[in-house]
Amino acid sequence: MAEQLLDKNLHEQMIRWRRDLHKHAESGFLEMRTASLVAAYLDSLGYGLSIAEEVMQAEARMGVPPQDILDAHYRWAEQNGADIDWLPKFKNGMTGIVATLKTNKPGPVLAYRFDMDALDIQEDMSAGHIPFEKGFTSLNEFKMHACGHDGHTSIGLGFAKTLIDNKEQLGGTIKLIFQPAEEGTRGAKSMVEAGVVDDVDFFIAMHLGIGVPSGEFVAGNSGFLATTKMDIAFKGTAAHAGGKPEEGRNALMAASSAVLGLYGIPRHSAGASRVNVGVLNAGTGRNIIPSLAELKLETRGETSEINDYIRSQAINVLEGAAKMYGVEVEVDIVGEAKSSMPSKELVETLARAAETSPLLKKTVEWSTDSAGSEDATYYMERVKELGGLATYCIVGSDLTAGHHNERFDFDENSMLAAVDVLYRSALSLSKA
Amino acid sequence: MAEQLLDKNLHEQMIRWRRDLHKHAESGFLEMRTASLVAAYLDSLGYGLSIAEEVMQAEARMGVPPQDILDAHYRWAEQNGADIDWLPKFKNGMTGIVATLKTNKPGPVLAYRFDMDALDIQEDMSAGHIPFEKGFTSLNEFKMHACGHDGHTSIGLGFAKTLIDNKEQLGGTIKLIFQPAEEGTRGAKSMVEAGVVDDVDFFIAMHLGIGVPSGEFVAGNSGFLATTKMDIAFKGTAAHAGGKPEEGRNALMAASSAVLGLYGIPRHSAGASRVNVGVLNAGTGRNIIPSLAELKLETRGETSEINDYIRSQAINVLEGAAKMYGVEVEVDIVGEAKSSMPSKELVETLARAAETSPLLKKTVEWSTDSAGSEDATYYMERVKELGGLATYCIVGSDLTAGHHNERFDFDENSMLAAVDVLYRSALSLSKA
Amino acid sequence: MAEQLLDKNLHEQMIRWRRDLHKHAESGFLEMRTASLVAAYLDSLGYGLSIAEEVMQAEARMGVPPQDILDAHYRWAEQNGADIDWLPKFKNGMTGIVATLKTNKPGPVLAYRFDMDALDIQEDMSAGHIPFEKGFTSLNEFKMHACGHDGHTSIGLGFAKTLIDNKEQLGGTIKLIFQPAEEGTRGAKSMVEAGVVDDVDFFIAMHLGIGVPSGEFVAGNSGFLATTKMDIAFKGTAAHAGGKPEEGRNALMAASSAVLGLYGIPRHSAGASRVNVGVLNAGTGRNIIPSLAELKLETRGETSEINDYIRSQAINVLEGAAKMYGVEVEVDIVGEAKSSMPSKELVETLARAAETSPLLKKTVEWSTDSAGSEDATYYMERVKELGGLATYCIVGSDLTAGHHNERFDFDENSMLAAVDVLYRSALSLSKA
Amino acid sequence: MAEQLLDKNLHEQMIRWRRDLHKHAESGFLEMRTASLVAAYLDSLGYGLSIAEEVMQAEARMGVPPQDILDAHYRWAEQNGADIDWLPKFKNGMTGIVATLKTNKPGPVLAYRFDMDALDIQEDMSAGHIPFEKGFTSLNEFKMHACGHDGHTSIGLGFAKTLIDNKEQLGGTIKLIFQPAEEGTRGAKSMVEAGVVDDVDFFIAMHLGIGVPSGEFVAGNSGFLATTKMDIAFKGTAAHAGGKPEEGRNALMAASSAVLGLYGIPRHSAGASRVNVGVLNAGTGRNIIPSLAELKLETRGETSEINDYIRSQAINVLEGAAKMYGVEVEVDIVGEAKSSMPSKELVETLARAAETSPLLKKTVEWSTDSAGSEDATYYMERVKELGGLATYCIVGSDLTAGHHNERFDFDENSMLAAVDVLYRSALSLSKA
């Protein structure tokens, strides 16, 4: 029979952590308070820490908030419980951490990824929403942990504590990657390009929920679509539409033509593809030819190749539409993720480890349900490219509302199950 | 030689009025404080007043602000110097006034139109802008008298005083029309449909500036384009663009197709036409199919017939684009004006009267310069339809910046010239 | 060991038939000569024949050629070897035949479908193309058997002869369906709606080639896409583009807007979809606003439901585009097919039968390769709906060039293999 | 009183010429038979002739027919009455002639332009159409003198005869320019660029009809629009729309986007503009992504500047649309004309001369009616640029149907009036 491995007090601690993070929700590249507390705790446990520029390539970040927002949020973090010693190191959107545990015994290098960011969503403040009823809703307007990354961070910390407590059971090296800005698939690339998984033999990312109920576990999720997020600006010339129409260069016409062209990018025979222009804002006054049109768009593909095809066609469409109407176009890639297939051997090993957990009732090897996009795929592809194995697993958790919903909440019990299965995987893999 | 007809103190009083109005700028249908002060003064002079519902057909107003803005502005007016007795009568955007002077002598019915509204523009607050230097810039953010209607209202009051002071020189009946919401061509129609010029033999509207320098006068301006202003909403169905693209009904695609269709409405062989989509806002999130797209557009035509053609084609385009993408479309006409040719006989009479003014150096009978659109054309067309004569004249005024510019200002001396030429026209016409 | 079942002279006869049909290629609904010869032969064998109106619902045909072409081709058939007794019965595009063999023994009703039509392609007339070298290229310009239906018809005749010769081995009833106009998926629906498979227990359609080499056999092909073919006409009003542009109603603008809208129909999350506008012709002169624009388009879907979705969206796009530009639109459905999954039990039975043939080297149960669209799916869906079993099989045949290529030719030996496997299936099924 | 100046037999001769030319209608750059007969006659009168390369710059021709059509038409001309000595000199579309009369007396250089080409229109062959009733309809299918250039050529010949007969009345030098390919505004530029009017002091072009009735004369027509005619080819990549949609580069999508963009080119505040895509043909088969789309378009402007603006915007649209869809675009300018204002002094001189003609009842100095486009404007602009005077006059002629109509015919009496007024202009100007 499966045996209980975890410290009995750990669960309560993880719930406290999670609720504190939920209350102090910080969105992508603003996880300054979060990172300062994570770093302080991991440091106190004895992990070797690499942070900020050491583990992130600044230029490879996508969709970084403007400097004034970075600065304002830093001041907010100072005044809202950040660890004052560590906080200054996480300025300017460099909020990544890699904590390394060297067992000083032979063995492979394992890496686990935990994402820390909240969403730009206004949390619901009404009866029935547990964070409201228990008093830990987000203090920040239009920031909310509506995807469960508060849980992921707590799991990371609980896992870190468990590893330290059981260090002598383990071999090899274990790296815990705390990543900013997974939402919008903006942060992983910068950590991968800084080389944080270049020495890794086994890589595991995990997510709570995603339609899997509490007590179940999926060892390999293969449904992620490759994606690219772009912010577009068409820049023309304003003119009085009645008086001098010929002097205008109409950014809205270019944008409109681009919209029709983008949705018209041909399907790909190798698999599903998507394109969407979710937002378009253009123009200032009824009688002025619009000189600026701004779009937010995304492409997706069942494989990275399909997404690359859609993306390159989209760039053609955007540049051509600008040319048609004599305007300029600026394309800013603000997020990107790949598709990635988990490694069969690692999925099987992980499933076997999960089956020993008393906290899980059911283990599934594979899920192919489409689960949107994930930038954990960057780590997975790099690890596999260099000869390692990688997977993306799901720890089931009953949800009160879907991910990204203003009333999202998860089953806090699933956090302990997550730590348990991760620890069992480490036991199993570190001695491989 | 031309003789001086006006009260010597009048000019100073008009400047005080104008600066007070400039400081308390109120835009279309919000001219509550303005109207209360105008009514109180005209009442004190002994004019018979008809106001609000008596002179405006509520449903014929276009582009009325929402009720919460009307209410909030009413409270502002209460606290910022409105005439407390008259103010309640001008609630809810019914801010029109007709003041009637009966001479009790035989003679025709004359009518003069003065518009009272400011623009939704943020006034410049820097050196060199006279209202700033003299301390009478607008107290209201994003409201500014940037077209000179503060001057027009003051001219109307100065003219009213002059008529009363010289009542025994005049015959017939004289009506002074103080109109809301000329900007966006939204207010005139409601006063015309209420019948305010149905008994009028001679109708005169006037404007300061419009490219004519101080000391000059144009008796008949014929360059106004007919126009229609529309607010459009395409309403579709949101859906997750990655997960269920087939469930969306894309309001942005409809809007984009409409934009291309609108600019493609064929030219008209009978004269100039225009169409512009000045503003388009659509969508809420990058990965959501946009369910709402809102446009601000306008059409123009050298004649009312041409504008009617462009407008009806535009409606086709909008409805067709909605049908293409399975969405609904709502079309709200928020402004409209006609083209109108001044009556030759009245232009000549007015020019002769102007030539006697010592305050004018040059009088021109006709100008055909395009001067945008004007809803005074509603009165002109109605008066001519019923057998009267009508014109639109320009009192020259040196400007510091163009109309609708944030640094717009006019030569205050031109207000006295305006009263002088209007009074001379009344002398000449009222005994006709 | 597999035994030889077929008449030794049959192969030579089939080759003669096939070459005669190839030389006298007749495209959809013009198979008058072909049908007259098929009917005469089957009649001579003793089959009971139902033809024309008895087996086709005229209104359910799609894409029927105009009457003048039907008439002209009839005259051609009269003069080019048609059976003069049977020919008059196949006038006006009613070229379907159902031949029935009643064994007068108990047993199920079997049906086999053979399509007879050529393509509107100009056959290659140069060295290396076997029909050219052997002197049996098409006598009809722009008509060519470039898909192998000449082979299918010959197989049908050879199969008919084999059944009669071995009648006492068989039970139940066997129906041979000779169908017009499979190309463009235009003919099957009319035969299905006439009820020709309403009594059928087992339905088998077959095709030569499709990428499967000589000697191989696929018992169940499941890759057919549902499809709809439409001919579209936008009808506006011509006008002189310089002189009276406002009088035109521009069919080309409507068509252009429709093209962009059609390609922009959203992807469907349930599977692959396609849309294509393959042809657009519009306008008569450079300075005339085009009053007519004609399009040929097709939609496809991995399932009939997906195709229905794309088709209904396409209709919206077409009607909306017409409305946008004030023109009329006519939509003519000229072809349609469903998706259909072969019945598992029948696939297995057929595969077992094929494995006994000495003329086949390899039998595969399933292929999911996308194979375009096929209107045999109409029969399949009807048979399954009424409780029967159905499949679509492929008899491999080495090709000299792809289907629909001007140098297409198949391996004539595969015809005998086809008759052999069909006969084995009849043996196996008719006694079931 | 006005005196009769012309040879009494001239009119009958001109009618014979005109009917022969009408019967042997030759369209742009194919006027080989016409030119051979014109040259032979002018040579016989004693004019000095410059022809073909001497008076045309080959590369500046626009819209020249392909070589096989040029060759075939040459053979037709050989067999249909061309002057066999002169014909070989007019091969390959070099069909221009300049005939020079030197009086050897002092005086200015005058030039008169006559255009010789027919249209690609099928002439009506039914009762009531005079050329049909009198037996001189065009022998060439889809070629017809439906604009009156047969009359212009005859007038040129009659004028040439009159000048020679009255040589001693004249001074200076007179050049008669017989031009090919005025239709489509394709030929003038090549003669202007060859320098044929570089020495000219007074230039006169004339047209019959254009809405002016027989007996009337307009000395200066100023309503011509500048224009550019373009043939466009978008070239992409075909692909099977069902099988490999991602491999196509869709020329029809590019063309459709271009069409919408072209009609959406903004109006110009300085005057009328036009754009039209009169013809679009794309694609070969319903299920093939179109790899070729061909358009015929034209732009127009009230001034050459406005047309230049529209043309340059159009090029942007075309290139941008190609870029959007990853295809190539080829732009071929196949016709071009300028706007041109007649010289006031020459208009007045010509009007005075016309007033002395007994064949004219009414003379008007100016017409501003829009009269389409004319490449005579190339000569006019060059002459004026070099300090000369130029005009375009209209000799009234009652028409049976509008220009370019299949039942067009003009009043043959107007030809004599044309020669008379031209001769009176020569008398008046050559002694200036």
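Note that the chains are named A, B, C and D in the order they appear, and that numbering of residues resets to 1 at the start of each chain.
Simple rule for what comes next: contacts are C-beta pairs under 8 Å (C-beta built on N, C-alpha and C of every residue); 3 or more make two chains touch, one makes a residue touch a chain.
Owing to the predicted nature of the structure, the values given are computational and were not obtained by experimental measurement.
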(request) Count the smallest number of chain-to-chain hops linking chain A with chain C, moving only between touching chains. (result) 1
(message) If more than half of the interface residue numbers appear on both sides, call it same; otherwise different. Which is it for chain B and chain D?
(response) same
(message) As a test of understanding: of all chains, whose mean C-alpha position lies farthest from that of chain B?
(response) C
(request) Could you compare the number of C-beta pairs in contact for A-B with that for B-C and name the larger? (result) A-B
(request) Calculate how many whole Å lie between the centre of chain B and the centre of chain C, each centre taken as the average of the chain's C-alpha atoms. (result) 69
(request) Using mean C-alpha positions as chain centres, tell me how far chain A is from chain B in Å, no decimals. (result) 54
(message) Touching at least two other chains at once: which residues of chain D meet that condition?
(response) 243, 245, 250, 253, 257, 260-261, 263-264, 266-267, 269, 274, 289
(request) Mind listing the chain A positions that touch chain D in their complex? (result) 243-246, 248, 250, 253, 257-258, 260-261, 264, 266-270, 289, 309, 313, 316-317, 319-326
(request) Spell out the part of chain A that touches chain B in their complex, as residue ranges. (result) 184, 225, 227, 229, 241-243, 245, 250, 252-253, 255-257, 259-260, 263, 274, 276-290, 293, 296-298, 300, 370, 372-373
(request) Mind listing the chain B positions that touch chain D in their complex? (result) 260-261, 263-264, 266-267, 269, 272-274
